[in-house]
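Everything on this sheet refers to the single structure shown next.
Chain IDs A, B and C follow the sequence of writing; residue 1 opens each chain.
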Amino acid sequence: MSAREDAVDAAVMPPDLLAGRELALEARGLSLDYSERRALDAVNLQVPRRRVTALIGPSGCGKSSLLRCFNRLNDEIAGCRVSGEVRVLGLDAYAETTALPELRRRVGMVFQKPNPFPQSVADNVAFGLRLAGLRSRLELDDRVEAALRAAGLWEEVRDRLDDSALRLSAGQQQRLVIARALAVEPEVLLMDEPASMLDPISTLRFEELVVALRERYSVLLVTHNMQQAARVADYTAFLQAGRLLEFDATDRIFTNPRLRGTEDYITGRMREDRG
Amino acid sequence: MDRLHLGQHISQQFNSELAALTKQVLAMGGLVEAQLATALEALAARDLRQVAHVVAREDEVNAAELEIDARCTQILARRQPAASDLRLVLAVVRMVANLERIGDEAERIARIAEKLGNAELPEHYAFKLAQMGSLVRDQLRGTLDTFARMDETRALERLRRDREVDVLYKELTRLLVDLMQRESERVPAALEMLWGARALERIGDRCKNICEQVIYLVRGKDVRHTGLSRSAAPLPETKQ
Amino acid sequence: MAGLCLLALAAVLAVLVQQAVRAFAPVPVAELRWRSDAGEQQMLAAVVFEDAHELVVRGSEWQRRGAEYRRIARADLLQLDWPADARSLRLHDGREIHRRGLALPQAPDGSRPAAADVAEDVASNRLSRGETAGLMLRRAWDFVAGTAQGGGVFPALVGTVVLVLLMSVLVMPLGVLLALWLHEYAGSGRSARVLRAAMANLAGVPAVIYGLFGLVLFVNGVGGGVDALMHSATPRWGGGGLLWSALTLALLTLPVVVIATEEGLARVPAALRHGALALGATRAEMLWRVVLPVARPALLTAFILAVARAAGEVAPLMLVGAVRYAPALPLDGEFPYLHLSRQFMHLGQSVYDLALAGGDAPRDMAQAHAAALLLLVVVVGLNAAAIVVRNRLRERARELAV
C-alpha cells in the first residue's frame, strides 16, 4: 500500500482516486527511449481493473509506445529501451521469468492500423484460439461467431467467413481485429484508436461494446476523440510529450481538469508561451 | 484580463463565437442594469413616463435572453465544448435566466410606482427603500463586473454582501408591518412598498446566483447550496 | 528491360533450334567416286556438307560412334549420283548405315545386322515434305526419350530433373531456416554478421571449387566414412553419386536462397508480426503461421533463382557424380525408387560430351545443340511453373499492400 502511494504523484493524480481499487496495469517510473529519442519519461500510471481508462494526448506524445509496454511488444522494436517497472495483473511484466505468450494472451491488443492477417475472415478470428490449442471445429465456429457478434461484424460477414479478410472495408477490418482480440478472452484490452475508421453508428456500437466489456475486462483505450473518451471511460489519463500530465476521473477531466495543459488540450487551445 | 483564455482556441471561429457570447451577456446585463435604475428613479419620482419606458424595454430583455440561449444551444451542438468552455456556456445559460428574472423584477418595481400614484408614506420609509434600491443596484453592477473580469474573488465578496440586502429587507419589512398594524388606511400603499422591497430582495438573490455561476465557470466549483456565502472560508484550490 | 531479356532469350532459342534441327534432318545419300592418294575410291555416303570446293560425307557407321567422315575436294570428284533406291538404316543402337535396294548390307567384317536391329529405314533421296517432317519428329522424340545406347538423352534428362529437384528439396529448407535464423533470431549479433559475410562471399566462388569441395567433403569424407562403417567391399557411397551432387549444388545455391528469402522476410509488414505476437503467438508460431505464408512469393523467387543457377552447372558435377554413361537411371521402379548413391547422367554433361566427342563431326555438334536446347527447356519449364505459382501468390500479397 505504501509502495503504491510512492508511485502516486499528487500533482498528476488525486491520491485517493483509486484507493481500494485493484489494478490491472501499473507503470512506475516508466521511461522509454527509441535509439535517440525519449518517448516516455518517468510515467506513473495506474489502470484499475474492470474499468475503462482512456489515454488521450497529442499525436506523437507516446500513447502507442506506452500501450506497447504493457504487452511488451516494444521488445520487437529495434533500438527501443524500457526502464522502470511495469506490472500487469500484479505481476512484473519485465521479470526474467515472464512468459511472453502467456502475458500477451492475457493482455489483448487492438492496433492503431487494422492489421488483419492475409487469411480468411474466420481464420483471422480463430487465430488466437488455435494458438491456445483449440482444435474442435464446432467450438471454433461458435467462438468465432460470438467474437464477431460482440464486435458488431457478424451480420456483415456471416456469408463471407471464408473470404480473404483483406477484402473487407477498412471499418470492417477494424472490427475484425477487435473480434480477433476479443476471441481469446484476455483479461486486459489495450486498444489503440480502435474506432478511428468507423462510421457514427458503428462507433456508437463500438462504444456500447466497450462499456459492456467493463463487466469482465479492464480496458485501456487510446483515442483522439474527446467525446468518445468522455462517453466510455471511467478514468482518463492525459499524456503529453512523454509525460503523464494528469490522471483523474473522466467527469473531472472533461468538466474541470486541474491542469492548464490538460484543459488546453481538451478544449482545443494553443498556448502562445509554449517554447 | 482573459482569465479563461477564451481567445486561445486553435479554431478562430470558436474564439469569436465565445467572445461574441460574453459580449452579448454583458450587453444584456447592461440593459437589465439600466432597467433597474430607471425603475428605481420612477419609483422615487412617481414618474409615469419612466414607468412606461421600463415596461416597453422589458421585451428587449426577453429577446436578449432568447437570443443568448439559442447561441448557447448552437455552441453546444456544434462545438461540444469541454472543461472551461463547457462551464462558460452552462454558466451563461443560467446567468441569462437570472438576468431575465431581474428584468422582470425591475418591471414590477416600475409598476409599483404606477400603483402607488400619489399615496404618501412617511419620509423615512421611502428613504429606506431607496437605500435598499441603491444597494441592490450596486450589487448588480458589481456582479456584472465580476463576470466581465472573470474575477471569482470579487464574486465571492459580492456573494457575501447579499446579507446586507437581506438585513435592510428585514428591517423595512418590520417597519412596514408595524405601520400596517397602526394605520389601517395606509395598508394598500404599505403593501405596494413591501412588494417593492421584496422585488429588490429577489434581485439581490439573483445577483448572488450569478456570482455563484462566475465562481463555477472560473473555478469549476459549484458553490450553490454550500453555505459558502455565509462562512468566511476561502475558495477551494486554484488551477496550476 | 523485360522486352530486351525476352529478345535475348528468343535469339538464343532461335540459334539453338536452328542448329538442333540439323541433328534430326534426313541427309541425302550419294553414290560417290573420287580420286585419292590410295587410288580411286567409291562409297555410298550421306552428304552432310557441300560447297563450291568440297563435300563432307558420312559413310556407314559400322561401329558405334565410328562414323566414317570424309572431306572430298570437288577437284578430286569423278562421279556423284543421287540414286533413287538409296536408303538409310538407323539401328537401335544409334548407328546409321547406307545401302541401295532393300537387302541388308554386309559389314566389312562380314556380319549383317539382323532385321530386328533396324529402327528406321528411309529412302533418303525420295522423301516428301510430310515424310521429312514425320521423320524429324520421330528422331527428335527418339533423341529425347531414347536410351543412351540408342543415342538418346533420356537418362540425362531424368538425371537433370531429379538432381535439380533433389537439390531444391535439400536447399530450400536449409536456406529458409538459415534466412529465418539470420533475419528473425540473430539480429545484428556477431555470428549473424559472420554468416552474412560468408553468404555474400560464397555467392562469388567459382562453381568448380564447390565441386572440389564436394569431392573432398561428401564423396571422400562422408561417403568414404559411411563405406568404412558398413565395411562394404566396393565403394557405394564413397564414389560420386546423386546425393553428393545434389548436396554440392545445394551448397552452391545456398547463398542465393538465403539472400532472396531474407529479402522476402524483410518485406513482411511489422504490423502482421506484432498482430500475431499480441495474440500470444511464440516467435516460431508467428513465423510459421503468418510470416512464412506472406513471404511465400519470395520463397518461390529463391527457388527459381536456385534452379536457374543449379541447372546450368556442369563443372562441379563431373567431380561428384555426373558421368558420361550411367548404366541405370537414378529414378526407377525398383525399391527404393530413388537411388541416391547412383551415378547419373546430366544434360549439361551430354552437351559437353556431344560437342567434344565427335570432333568436328557436324551431326554430334548438332546433337549437342539439341541437348542444350533441351536443358534450356527444362530450366525454363521449372522456372515457369514456379513463376506461375508465385504470381498467384503475389495477387494475394498485393491486396495486402492496400
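We take it that a residue touches a chain if its C-beta (ideal position, glycine included) is under 8 Å from a C-beta of that chain, and two chains touch if they have at least 3 such contacts.
In this text, all values refer to a predicted model and were calculated from it rather than measured experimentally.
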| item | value |
| --- | --- |
| A-C or A-B - the one linked by more C-beta pairs in contact | A-C |
| Most central chain, judged by mean C-alpha position against the global CA mean | A |
| Centroid spacing, where centroids are CA-atom means, of subunit B and subunit C in whole angstrom | 105 |
| Length of the line joining the C-alpha centres of subunit A and subunit B, rounded to whole Å | 49 |
| Distance between the centres, which are taken as Cα means, of subunit C and subunit A, whole angstrom | 60 |
| Residues on subunit B engaged by subunit A in the complex (per definition of touch) | 5, 8-11, 14, 80-87, 219-221, 239-240 |
| Subunit B partner contacts - residues on subunit A that touch it in the complex | 11, 226-227, 230, 253-260, 262-264, 266-272 |
| In the complex with subunit A, residue positions of subunit C that touch it | 187, 269-282, 285, 289-290, 293-294, 396-397, 399-400, 402 |
| Sites on subunit A touched by subunit C in the complex | 71, 73, 76, 78, 100-102, 104-105, 108-109, 111, 113, 115-119, 127-128, 131-132, 164, 166-167, 177, 180-181, 184 |
